[in-house]
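Order of writing sets the chain letters: A, B and C. Residues in each chain are counted from 1.
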């Protein structure tokens, strides 16, 4: 039943429909977007067909530069925090009994699936004056009166880490669960304490997986749109917000497309980098 | 690592993950239209309002229709593709598989903008069908990966056994292959459904002004001030996700699905 | 002539030769084992018979009909796979009824057949069980029952016992052999375990690492008269001694002349031969008495496993192993001078 090549046209039928849908609704939209990025804006409409690289020229404004730098900074910060916490966390859950693992995975997938709107709303409540944790600190006698911490830089960081953390764990889960359990055991019989084992053997043998995860989480947080809008102040807006703004509020599809194409090139470069690192990974990581 | 330290660490992570939801849950129980935690008074009125006020019912209905149909469409694309890829190891099937993975891997705003320009060009911008099709393509990755995993788990000997017992290739598919990938299809559908329900940016860009989904409604409502109804919606979403993924965890092989879904293993 | 014929079968996978030069006739109603080391092509040969592979060259004939190109699902054979391949999504009863359901048999017919088969494999009342609820041996029986559901023209088994532990395995061997004798269905079993092949089969087909058939015969024939050194070595243990043919009924081994009972016709005087002697045919006496077919030497090792005793002798550079029962155990110890006695009737001359 499993063969090398489909024989005859009938055998090709099952793939026809997925091929057509994916090409029409994914490849063509991308092609259009790419084309539109060279078109000209039509006030009141979407765009007029034309060819100009003005949109790309218009990209590099001071605002765009500032947003780009901030986007990269906040994403890198969140990636580092998430991997630093997520790596030991994932290591622990992969060493649990299967049942406990499933419980944790259900929690993580549920959190990951939550809409960014909901996460942002929940965090802004948690950090608010009336319902937030500052009330708890007041009650504990740590603070004089409740305050609001949202919106703000740290609210934004917390919200972004909240959506990126489950993602980090799920990216780290496969390589860590494949880690040979005898490896740490061997280190311990050789005299390494559990802490030393963790840092020398577990961390060491998965170094490239960690780097790959850092990049993946970085690319993931770079794409967030709603969290900066709700938990951040205008100076905290990211590239995604800017693109949506251009497309929806300013109806400037050509400029938005040019931004998106630029953004995509950056993202693809990151994915390519991840794959390169994945290829050079040592045998222990498998 | 020290056992107590490890427990403390896990507990802190759990607190981080749970505390926003706990606060929201508390706020949703406030008696008056205020956002206090711990709640002042106790009432389930905000949940009642969620399911009786048309301002909330319409988005709920929209979201449900979109999630149900787009997941169905995603499965209909993923199943034949995964089947073909499993049966014939040809390069164009692999290329299509990569194409099916791509929408999910890119930053969502890019895919969303791609859809927006497409629907604007073909003239369906603002229609619900545009949202449904866009979600189907955007989330096709999930059933594609889970169903492919299901096919891979079918040992060759199962098929040969069926053949030696008289089943032709149609009968083999009907009696062996399909029943064995069915549970993976259900998992794929569930993932798709929950994510479509929660998705904001694509729905917003493609037809956010005319077809209000639940996340769009929440976001719009946020601008006019917070109310406990939003807290009730949040809890509704959390419970729905926990229920569906809990069921997958109970009846499916979640550790294996996670192993396959994580992008890291795909790159390897 | 009734039976299964394999005519000049060759099977290549790309540049790899899996099976070559196979000509076999398997008579109706027999239990046949394909025996050989791993990679000898025995499983490929079975799959060719089942229709799961097409031969690169050659024909498969059953009851004089050419079935070479007939697809597996039209052959009406029953096959038990190495993994057993019991469908995890079906109950025990539905697994057994699978081939009847495919052939659109009535529910009542299926029900009766399932009950009869479960009775046959001594699992009555298990129809409603789930596959995951069965033990290894029970799964084995369900797989056998499933393969027998349509009263197959051929019953094929691909190392089905390899996953079982030693004790259960021996029980299943006896059980399957008796079942086959009762049903009289032509059966082919693939195995790499010579003891299993000896226990179960009417006929053994020995295949070698060159992917060819080396010998076909009854277990005793193969044991007593191996066709070549490969068979002699693979079936049981054998003492293989290199020498020269020095007469119509004698051979010379390291200067000593031994009498034998039969010399193959094509062997000329002076040509190199090997003789094969089974350890249990060799007796050992203490000291160095002279006599016909006596090879003097020294005891290098004594292995006493309780039920038998093996004595390793170094006879002028040749290692000779003798096996005896504890009762007839010779009075020798490691380091003693001793003599091996090789009865002429036990010395089989091999030319390859």
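Basically, a residue touches a chain if its C-beta (ideal position, glycine included) is under 8 Å from a C-beta of that chain, and two chains touch if they have at least 3 such contacts.
Predicted model, so just to flag it, every value in this text is computed and none were measured.
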The chain whose C-alpha centroid lies farthest from that of subunit B is chain C
Busiest interface, counting C-beta pairs, is A-B
By Cα-centroid distance to the whole-protein Cα centroid, the innermost chain is B
Distance in whole angstrom between the CA centres of subunit B and subunit C is 56
Rounded to the nearest Å, the gap between Cα centres of subunit A and subunit C is 60
Cα centroid separation, subunit A vs subunit B, in Å, comes to 16
Residues of subunit B that touch at least two other chains are 160, 163
Listed in rising order, subunit B residues that touch subunit A in their complex are 1-2, 6, 9-10, 13-14, 16-17, 19-21, 23-24, 26-27, 34-37, 76-78, 80-81, 83-84, 86-90, 92-93, 96, 99-100, 102-103, 105-110, 112-118, 120-121, 133-134, 136-137, 140, 156, 159-160, 163, 169, 172, 191, 194-195, 197-201, 204-205, 208, 214-215, 218-219, 222, 226, 230-231, 233-234, 237-238, 241-242, 245-246, 248-250, 254-255, 258-259, 261-265, 267-268
Contacts from subunit B onto subunit C in the complex sit at residues 155, 157-158, 160-168, 171, 175-176, 179-180
The residues of subunit A that touch subunit B in their complex are 1-6, 11, 14-15, 17-19, 21-23, 25-30, 32-33, 36, 46, 85, 88-89, 92, 98, 101-103, 105-111, 113-119, 121-126, 128, 130-133, 135, 162, 165-166, 170-175, 177, 194-195, 198, 209, 212-213, 216, 219, 222-223, 225-226, 230, 239-240, 243-244, 247-248, 253, 256-257, 260, 263-264, 267, 271, 274-275, 278, 281, 286
The residues of subunit C that touch subunit B in their complex are 50-52, 71-79, 81-83, 85, 87-89, 98-99, 101-103, 146-147, 149-150, 156
